[in-house]
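As structure tokens, the structure follows; a few thoughts come after it.
Chain IDs A, B, C, D and E follow the sequence of writing; residue 1 opens each chain.
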């Protein structure tokens, strides 16, 4: 039996909400707005202004067995395209090779984000990803956006930031949206500091100031990393007790909600833990989630089910 | 009720004063002169040859909470455009993201300066900002000038200076003015030395020699950092007792007043302290002020009131 | 005695009207919007959404004596800058040489439009202007816009149109506005047909379709040039009896009023004739006028007086 | 016996006059101003604001025998350098080959103008010179200016004008001055019309509008070529009876005297005829002369003598 | 009263001497030769083959008060142009900002050398100037040469040398001369070694080998820095007793006198000490002097007087 795999939302209210969001990006060319709209309008959450994105760069970042052995179907690049289609995510993000291996086969079925830089886990030292693909690659693969990772706190931050500045300007000039993974890391921050609420908020601000359209950060913890910041959080009594509080603060830190901020799911964990986190993100006004390992390290059916449960939360169900 | 939001100064005497200043920049192309004139002619101080500029790069430099929590309206990029418009500042300076988020909405309402490099506070080590935007970005955003920070005294000074040399030449070739933040910092100067009168004067000279049209320095203190300089200050009996004396010396150090030098407001402080400092800057022949935290960390009404009080001082009221 | 030479209109209602117009150009980058705003906000009509522009390319187009002998002060390029300033026009448009000869002296006093192509009257044959300057020239001269003439009806039309397509794209990418003089001429149209209502409306449409932000056409006559068009005008009973009717039709033909259309003044004539035409343009919803010979071929005092009378009409006085 | 070969004029009054002239070119970069000053300050007329230039492109334009047989020493490129040095002309202008053949030998002895386009007399048809050298050639040869010929009235005018627009912009960007030979010619004008007063004035205007710093035209005749122009000359009673009258009108037509206009000597003729013409040019306010055949088609001694007689006239002797 | 401000020397014998010098640079393009000739022909020493150059980079190198407080008129960039003009120096050398601030005003009055790299005294560590301007800047400012400093003996020498290699090649390709300040400094030489005769001679050789046209070194002392060198100086009995001896050796070390070598004046000192040093330089066959602090740290009248006394020595008076 044929079954609809996508329930589009090009309703009047959906068009309205997406226009409202696009208005935050006034001044960008219509190409950029169109590609933002493609992602915002696609999939189960299309038209709601919320987004769930499937990212699969772990093969490069952590190695294949650590990434795909729990669900060996994931070794196959087609698997992730199909997962994104079946679950109705707004977009699918991956490095060059994974996209090249399926973009023709799945052309038009899900918006694509080409991750332009990637790190592997074989090297030590100050973290700094390599630029692994180009804006031109994103165009020839039919992508809607480029993705780029920066590590604020790394001694190599200027390298990443300057690469991003150039690639983002180029991407915008050809109508592509810009998605930034802003993950503090390196000798400037402690291990716990990487997810401290002040640091995550700062990371969101930096990405926004660098011209990101869509910002991905980690769910912030209750701890505060920087002494200079702690004084302000205490004096101004910024609420950071609950995850919803902290998400609200991070979204505010990204231009008072004028930039789309989504949150990563982090390490694989139990379904309940995942969903509880999602509810907090939703309650704090987060725009959505980017869920990799928690979706593709389960069986296909379970992965789809989890993603749909996540979407149901964003749909207010 | 209709209310004038700008009191322009294109009077005959104003045109005269601005032409006099532009004559110091003879040899620059008419595009550069036009953009200098746009800033000099705009706002409450338009046509007086004095300038007050609103800079908001603290979100990037210090983090969002430290910058905006005291007045959370400031998380919103539109807030600062409107503050600049309402207070009638000569220009508004910010990093890429903040300008992209409002330049279309506020097109033509206040001259813009795009800060082309920025540092964050998450990293340690010798200070060196990252280049975060380009001259092409400044053009597509409708800016009148590029802004660039150098840290004389840093081991990384040559990197900054060489980036500035290239960007300034490119900016001038397309008719944009060049604003340099010259802030001594790094292993070459002590913490107190950063605002020593010899060092601030030196910083102004360096910026001028690098081709800056408009130079921003910190208000100089009475201390002298360098032994070789101290001998000269003593022998030549250079007056440095009062802030007005020191401002006069700094302005002299920037080509004998042939370059526009303005002074930063520094950390947020009480209104009286701010205004007293402004009076001294005015009395010493400083061309104006660049006031960030002291304006946007208050309520809108109070921020506008403070900026107007500052302007009143420059207007000789 | 100090005298205001400019009565700016950055009132709340003016900002409102200009924003409304800029919204028609949504999707253009903020640089383009800023330069449109600079012209719309400047001078006596600043903030009203109406425009009067001074164009002086007749020295090139018709020769110096024919252009300037009636008022020999006009041989001097500074004269026209000052005329534009004194009369408070929204902008001044001229070829390269005239702008180079005064842009530094008058920097910041009136928005400039660099005419990028020009014809002389010494040659015969199918009309086709030469490209006489570049977008880079416009930037170094501090212009707000490029100007370009096309002659629909000429056998050489494709040359002009293709040059415009390239130059307009380049201009927009660096934040400059695009003004198109759309003057049907050449073997494709009869002499009277050049100002036929169907032809002028068609010329406005072509300019709009080529991406012009601001369109200059001649006041349309009552005659209809094309047989195929005549049938429709008759069948649909398009009102073309009065000049106001015809102006309304031309404005409608330029994207239903979503593009700024202004009308040329044509050959020098008596004041009453000029002002009567302006009233009709205003009544028909025209956005303004571009008045060359009728302003600079009189004495300075009379030229300013005429331009102010024209502006008074647009101000509804 | 040692003999001064140059009587330079860097007197206080000379510096004054040259600064006055350079002020007309305000907005050009200091390199252009420097090269204009180099020519204005050099030679017998240095510092007077008047100029005599030696041009030798006739070998290319008319062929070698027609050019050099009357004084065979002129076949040798060194001859003309030495003639310019001995006579103390402000500059020497020639095509690529002639300059390459002597620029090293005579380095620093006389400012050079590289003619970037040239025609030969072997071809028929609508006149259009070939571009024979580049701005880069002018730099490597140590020139102060580029020279370029346009033929208004030719069907090929757009080709020339567009080449000039590009080359002039490039020359200015590297600090070279731009000298334009503006010689109406081709199917658009009659043979006598080439020197008609309206046409020569028009040619001067066109060159000025194209951004020429220094304009070379032919001495205008009393005839008027264009009917449309004739009406104006008669109505406005523009004096064109004497050559001085007509020179005055041509200088006025070049931005009211804000551009340097010099006049060619034309075909070789008797000394008295030459000098009478020079007196009229001087009386009409012409800036000087460019004298080729009349100087190099005589013996060296006579050529020098003629050039010095010409300079004496400009010196008011 | 009119007063000659320059006594040029384009006499036959002067042309002869300059041609003789230019012959050493045979193979360079005529542009380079022209610019060398411009400097050799200019000012009081024009045509003698001797040179006195005014360099003012101390504001950047030592700070403004240390440089200009002894004669505060020197804070003004115009002062130094006028000093060079009044004293009749062959050229004036300065960093970008100082030249930009006066090159238009003083266009054509004195040949300019743009210093392309500069150090400040605020930083510690191995010496290495920053590149602060470009060859393109030198062209647009109308300069005759680029200037560049190398520090043989610094660990960073390769950075400087490689920058020079690129910039010198580019400068020569556009006809600019290359002036190299060759100042041994850094961890490779002792403090006294910086002016040891073997080291200064070595510095001159390095600059010559790098393609410098004009070499600036410090007056060499009697000491010898390198053991390997000392053996040779002793064995070959190279005379180094008097300054004249040592200057002769240094000039010999720069291609046996086939490169122009001039000597710096060093720290400010008494007039007699300066002049005595100059006599020794002249007697040793040095080509001239580059005198900064000793000229601009006196009153204008005294500075001019000193420079003229220096020139008198070179003129053999």
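Just so it is clear, contacts are C-beta pairs under 8 Å (C-beta built on N, C-alpha and C of every residue); 3 or more make two chains touch, one makes a residue touch a chain.
This one's a predicted model, so the numbers in the text were calculated from it and none came from an experiment.
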Shortest path length from subunit B to subunit D (each step joins two touching chains): 1
Quick one: which of B-C, B-D or A-B reuses the B-E interface, over half of the residue-numbered contact pairs in common? A-B
In terms of residue numbering, is the interface formed by subunit D and subunit E classified as same (over half shared) or different (under half shared)? same
Longest centre-to-centre distance from subunit C, chain (CA-based): E
Cα-superposition angle relating the copies subunit C and subunit B, to nearest 5°: 180
Averaging only over C-alpha atoms, locate the centres of subunit A and subunit D and give their separation in whole Å. 67
Distance between the CA centroids of subunit C and subunit D (whole Å) is 36
When the C-alpha atoms of subunit A and subunit C are each averaged to a single point, how far apart are the two points in Å? 48
Residues touching two or more other chains, restricted to subunit B: which are they? 26-27, 29-30, 33, 100, 103-105, 136, 141, 173
Name the graph shape formed by the protein chains and their touching pairs; answer line, ring, star, complete or other. other
Which two-chain combinations qualify as touching? A-B, A-C, B-C, B-D, B-E, C-D, D-E
With touch defined as at the start, can you tell me which subunit D residues reach subunit C in the complex? 24, 26-28, 152-155, 157-158, 161-162, 165-166, 169, 184, 186-189, 198-199, 201-202, 204-206, 208-212, 226, 228-229, 232-233, 236, 238, 249, 252-253, 255-256, 258-259
Partner subunit C, residues of subunit B touching it in the complex: 2-6, 8, 10-13, 15, 18, 22, 26, 29-38, 40-41, 99-100, 103-105, 107-109, 112, 136, 139-143, 173-175
Within their complex, subunit E touches subunit B through residues 59-60, 62-66, 69-70, 72, 75-77, 95-98, 100-101, 103-105, 118, 120-125, 128-134, 136-137, 141
Mind pulling up the subunit A residues that touch subunit C in the complex? 26-27, 29-30, 33, 173
